[in-house]
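Paired with subunit B in one complex and with subunit C in the other, subunit A is shared by the two complexes that follow.
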Partner chain A sequence: MANKKSKKPTIAVYKFSSCDGCQLGILNLEDELLDLVGVVEIAHFLEARRQVLPGPYDIGLVEGSVSTPEEVQRIKEIRHSCGILIALGTCATAGGVQGLRNFEDLEELINIVYEHPEFIDSLPNSTRVADHVKVDYELWGCPVNKYQVVEALVAILQNRRPNLPQYSLCLECKRLGNPCVTVAYGMPCLGPIVRAGCGALCPSNGRGCYGCFGPMDTAEVDAFIPVLKSHQRYPGEAVRLLRTISGYAPAFVDAAELILAQEEE
Partner chain B sequence: MPDMKLTLNNEVVIQKSELDALLAAVRQQGYQTVGPVIKHEVLQYGPIEGISDLPQGYTSVQDAGSYRIKNTGHSRYFDITPGARTWKEYIYPPRKRLFTLSKENRHWERVKIEEEIPKYALVGVRPCELQAIGVLDAVLVRKDFTDPDYFARRSRLFILAVDCLHPGDTCFCASMGSGPEAGEGYDLKLTELDDCFLIRIGSDIGLAVMQELNWEPATAFCQQAAQRGLEHAARSMGRHIRDIESVPDAILDNLEHPHWIEVSARCMSCGNCTFVCPTCFCWDAVDEVSVTIKETSRYRVWDSCFNLAYSAQAGGNTRPSTKSRYRQWLSHKFGNWQKQFNVLGCVGCGRCITWCPAGIDVTEEVKVFQEVSS
Partner chain C sequence: MAKETIHVPALARVEGEGGLYIGVKDGKVEEIKVNIYEPPRFFEGFLRGRFLQDVPDITARICGICPVAYQFSSIRAMEKALGITVPPQVTALRKLLYYAEWIESHVLHIYMLQGPDLTGHESAITLAADAPEVVANALRAKKAGNDTMSAIAGRSVHPVNACVGGWYRWPEKTKLEAMLPELRWGLEFAKETVRWAVNLDYPELQIEDYEFVAVHNENEYGILEGDIISSIHGVLAEEDYEKYYAEKHVQHSNALHSYTKDGAPYMVGPLARFNMNFDQLGEVAKQAALDNGAKPEITNPYKQLIARAVETVQAFDMCIQLIEAYNPTGPSYQPLVLAKGNGCAASEAPRGLLFHRYEIDENGLVEFARIVPPTAQNLARMEADLSKMMPQVLEMPHDEATLTCEHLLRAYDPCISCATHFLTLTVEEV
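Right, the complex of A and B next:
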């Protein structure tokens, strides 16, 4: 793994269009962080360390979505300088909450928001890292589960597959003994098609899941849509839920479009 | 106290208020008493001290994909049928550490874990749930294999079963032969009548507990009232499967029937049915390795046949589609389980019907296969 036998593997953390919350997740590791810097060299992590060691790096973690032409160039360069590339958090894996703009008229938005729209140079959509370069691992979440970051890094160091759940949030909820917010309270919840991993934060507090961890690999959108629609509390809630955090994930794009098409009929 | 010596299988009556003394006597034997409580607007299981903790007056309104509790103000303590949670979590916890290894001088050593296995008294175990514990016993305590943690927890249980006089809207224990009267395996069994509890003694510990209480011999009137209540309950099940003996073949003879595609179009593959099922026992082993790679722990966690990773293996996935995963679930519960463990995997509690967000009803799916094979 290391460049030379005596050296520790190097890690680089990059920021794209994002809120920095996932990088903070790494800094918030506290107990594990000291152990981590004992086994890896944090070579490039501007939010944590002023010193930047020269690349190439063994592992690159990319926070944020790719949303400007400049970022398209930068992600390609980063891909070249990192042996293993990890997309960190839902901005990097699905375009993030700023992907809300993907469903609106970008030019109109720019004119409303900015005093000098001519300074804005933006891609038509807030895109995921995998739209531009090959990604080796995706860590979902808004923010990521910091323990999944550790698990991914440790697994790579040990040359094994990281143990990241691929099953529905419902299973995590049921292991915790939470009442199902859909069945018991009639609330809409994306849980049945969302990947577990957050620790069922929202349902544990009596709220429906809004999908930070994105669609699970086996998301059965067609079966889920009637369930979601029948629990809407106001018109349009189903589409809003799907499009809020992981809205640009392909399965959620499809689900929202299907619902809109059904409503038009 | 009457001039009658209590023995096994005696039936006696106690005043309802005497349940406090009963629970105290059970705790005196070293048990933690856990029972039905209303929490977050659903029926759950949790620590109880006495009769005032019980959900008196409550009932539930259940249908496929829907659950609501309702306080009707009736006077009974044990009327509300189960919610999503099962007694399984007390004897087969969702997450359980199996072992921890520590690396000392390049050598891995097993770390000694001091663990006291709790002694639980399960209060208000319904007939379907009692049968479910029996099913788990058949799976996890066998001649060729015994799960040590399950066995340790199971052998420390005290079970106070409750006959089910008011079944719920998704119940079908009468079809499965597991209720509404509690079968074997309890320490004490209780039938709630209007003004007293009829108690049947099922074990020596149950006998020891009853000897501490104020009881009276059961009158024929009480016994007849209980019998009438049970007959009425058997007729008021919310769901039915007729001719259960024909079900295993009806399903196993039709594994390629197009209905599997039809039902899988409604199935989200979320796995809720398996985690609320009181007999589902599948698990995964998860290793948690420290950053420094000096310590590693293995955990057993509940897993589900609806998890794609559950059937992943070298060379591919044996159940890649929702159709194949749903077929595995239904054909195991109602077919192959019997071949494997000599008992069906379903006890008719109805949880998988109520707690399926998509409202898939196993009794309806089973009927389809019975119809195509008749």
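Right, the complex of A and C next:
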């Protein structure tokens, strides 16, 4: 893995449009952090250190969505300087919460938020990293599960595929023995179509899942929509639930549009 | 000698991305810019049309380090808009979650972000090589904060249990009590941190004209709710905040800079709270401060770390007290009766006062949102402090000069991710 036999593999952490929470997840590995820096060289991680080692790097972790012309340029340069590129968190894998602006008129938004719209330079949409460059691994989550970050790094160092859950949140929730919030309390919950990973936190706290970990790859969205719609507590809730954290993930875009089309009929 | 321009394209050990530019020509400072190039994320724009209960989940995502601050400023503003008063048990648990967030954020800042500037390290990673036990203890203390947050609300980054009207669920008392041993250890560690902090060698800088602004509560150290206190204007109602402070969009920044209505910079954050609310500190934190000669008024911005250390004692002490008193009865949540309304709220994010205001329609949908994060309020102050520091800085070798300026900005614990989504200057009330 290392670029030279005697050297530790190098890791670079980058930030794009984001809240910093996924990078913070790395610093929140309190029990693992000192071991981690024992086996890898943190070569570029601005939030953690001032020192920057010259590239190229073995592994790049990218937090955030690509939302400005400058970021498009930067992600291409980063792709060139990293052997393996990991998209870290739902901003990087699906455009993130700021992807909610993709459903609105950007010019109007800029005018609402800024006094001098001419100073602002944004892409029409907040986009995922894979829209611009090849991504080797995607770690979903808002925030990512920090243990999935460790698993991905360890797997890469061991030359194997990371072992990440491919099943739905429901499975995680059942294992915890939670009563189903939809069946027991009539609440809308995205669990059946969302990938596991957070530990079913929302149903464990008596509320429905709002999709931080995005749609799972084999989600049966069409079958799920009638269930979701029939449990809305106020008009438009189903669409808003889909359009929260992972709203710009293609499966959720399609599901929300289908519901809106059905409502128009 | 630093008789040339200082340019730091990307500041390290801050949350989010920003740079620093100090233009020097013929030994004279021509321009000072804290440059925020973190991309805009337009929160106030896409919040419009959202149901009010979605808002705390969305605004949390403005900042991964202080999501609880965003949740509670949103939640309290919404509750005021609806005319809801929550029971004391709900409020007590909110303070517990908030103080736990202060622990993780403050300890991170003290030991991993600003601390290395004072110990002569480029990061906590190299600090750990020289003083492994210091970093190991800091990580343990930070973890106590994060784990307390997880016990209350599922996770520490973007917790899921707080809502408009209360809590989705009461956390189990046994889970919270399980945190007590680590919190008690953390309290002692925090007291040691104050001792350590007052003995560090800070750059000399005294700012005579600070206006400190903080949440103020007669009965307790201001964190979740209260009035607003200013060292110039005295006690103000939350509702009057926008009459005194406003934002301006400047070209070198994707963030707005806040000024007083007279166009002067002001300061929010730990030093503002420490100086304005010292009397309201709990006995344990106050004693830890006085034992080490830390008392108001501290006017050296580099010494924000000392105020942060005292507040870390306060946070551990309060977490212990609040868990010991935790005994929830009755519903955790009250159903919402929707009505058209307007509400604002300020609370104290770890890095300073965070103001939110919303207008909602009769269906509970957001019509207008304004969010004023602490770092935006401090940006103008940071530039003014840098300006005061320049005579000293110009006498230093270039590398030391650059580091000294960077250090000044890091002392503010700027959260640049938070600072980049702002509203226009238009203030209707005035």
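Throughout what follows, the second predicted complex is superposed on the first by the 265 of 265 C-alpha atoms of A that agree within 3 Å, B and C clash if a C-alpha of one lies under 4 Å from a C-alpha of the other, contacts with A are read in each partner's own complex, and residues count from 1 in each chain.
Criterion: a contact is a pair of C-beta atoms (placed from the backbone, for glycine too) under 8 Å apart; a residue touches a chain by one contact, two chains touch by 3 or more.
A quick note: this is a predicted structure, and the numbers were derived from the prediction, not measured.
Asks: Using the overlay on subunit A, decide if subunit B and subunit C clash or can fit next to each other.
Replies: The answer is fit.
Asks: What is the angle, as a multiple of 10 degrees, that the CA centres of subunit B and subunit C span when seen from the CA centre of subunit A?
Replies: The three centres form an angle at subunit A of 110 degrees.
Asks: Between subunit B (first) and subunit C (second), which, if any, makes contact with A:L46: first, second, both or neither?
Replies: Only subunit C; A:L46 stays clear of subunit B.
Asks: Which holds for A:C202: it touches subunit B only (first), subunit C only (second), both, or neither?
Replies: Second partner only, subunit C.
Asks: For A:I86, decide between first (touching subunit B), second (touching subunit C), both and neither.
Replies: Neither subunit B nor subunit C is touched by A:I86.
Asks: Which partner does A:P192 reach: the first (subunit B), the second (subunit C), both, or neither?
Replies: first
Asks: Who does A:V183 touch here: subunit B (first), subunit C (second), both, or neither?
Replies: So A:V183 only meets subunit B here.
Asks: Just to be sure I read the superposition right, which of the two partners does A:E71 touch: subunit B = first, subunit C = second, or both, or neither?
Replies: In the superposed model, A:E71 contacts subunit C only, not subunit B.
Asks: Could you tell me if A:I245 is touching subunit B, subunit C, both of them or neither one (first, second, both, neither)?
Replies: second
Asks: In the superposed arrangement, does A:C212 touch subunit B (first), subunit C (second), both or neither?
Replies: second
Asks: How far apart, in whole Å, are the nearest Cα atoms of subunit B and subunit C in the superposition?
Replies: So the smallest C-alpha gap separating subunit B from subunit C comes to 10 Å.
Asks: Would you tell me the residues on subunit A in contact with subunit B in one complex that are also in contact with subunit C in the other?
Replies: 206
Asks: What residues on subunit C touch subunit A, complex-wise?
Replies: 10-17, 37-46, 48, 50-51, 54, 57-58, 61-65, 67, 104, 108, 112, 116, 122-126, 128, 132, 135-136, 139-140, 142-143, 146, 153-158, 160-161, 163, 168-169, 248-249, 251, 254, 256, 363-364, 406, 415, 417, 421-425
Asks: Which stretch or stretches of subunit A touch subunit C in the complex?
Replies: 15-25, 27-28, 30-31, 33-34, 37, 42, 46-51, 67-68, 70-71, 96-98, 100-101, 103-104, 108-110, 112-116, 119-120, 122, 126, 142-143, 198-199, 201-202, 204-207, 210, 212, 234, 236-237, 240, 244-245
Asks: Which residues of subunit A touch subunit B once you look at their complex with the stated criterion?
Replies: Spelled out, the residues of subunit A in touch with subunit B are 32, 35-36, 38-39, 150, 153-154, 157-158, 163, 166-168, 170-171, 174-177, 179-180, 182-186, 189, 191-193, 206, 217-218, 220, 222-224, 226-227.
Asks: Subunit A touches which residues of subunit B in the complex?
Replies: Residues 40-42, 44, 65-68, 83-85, 89, 94-95, 265-272, 275-276, 286-287, 289-293, 301-302, 304, 306-309, 322, 354-355, 357-359 of subunit B touch subunit A in their complex.
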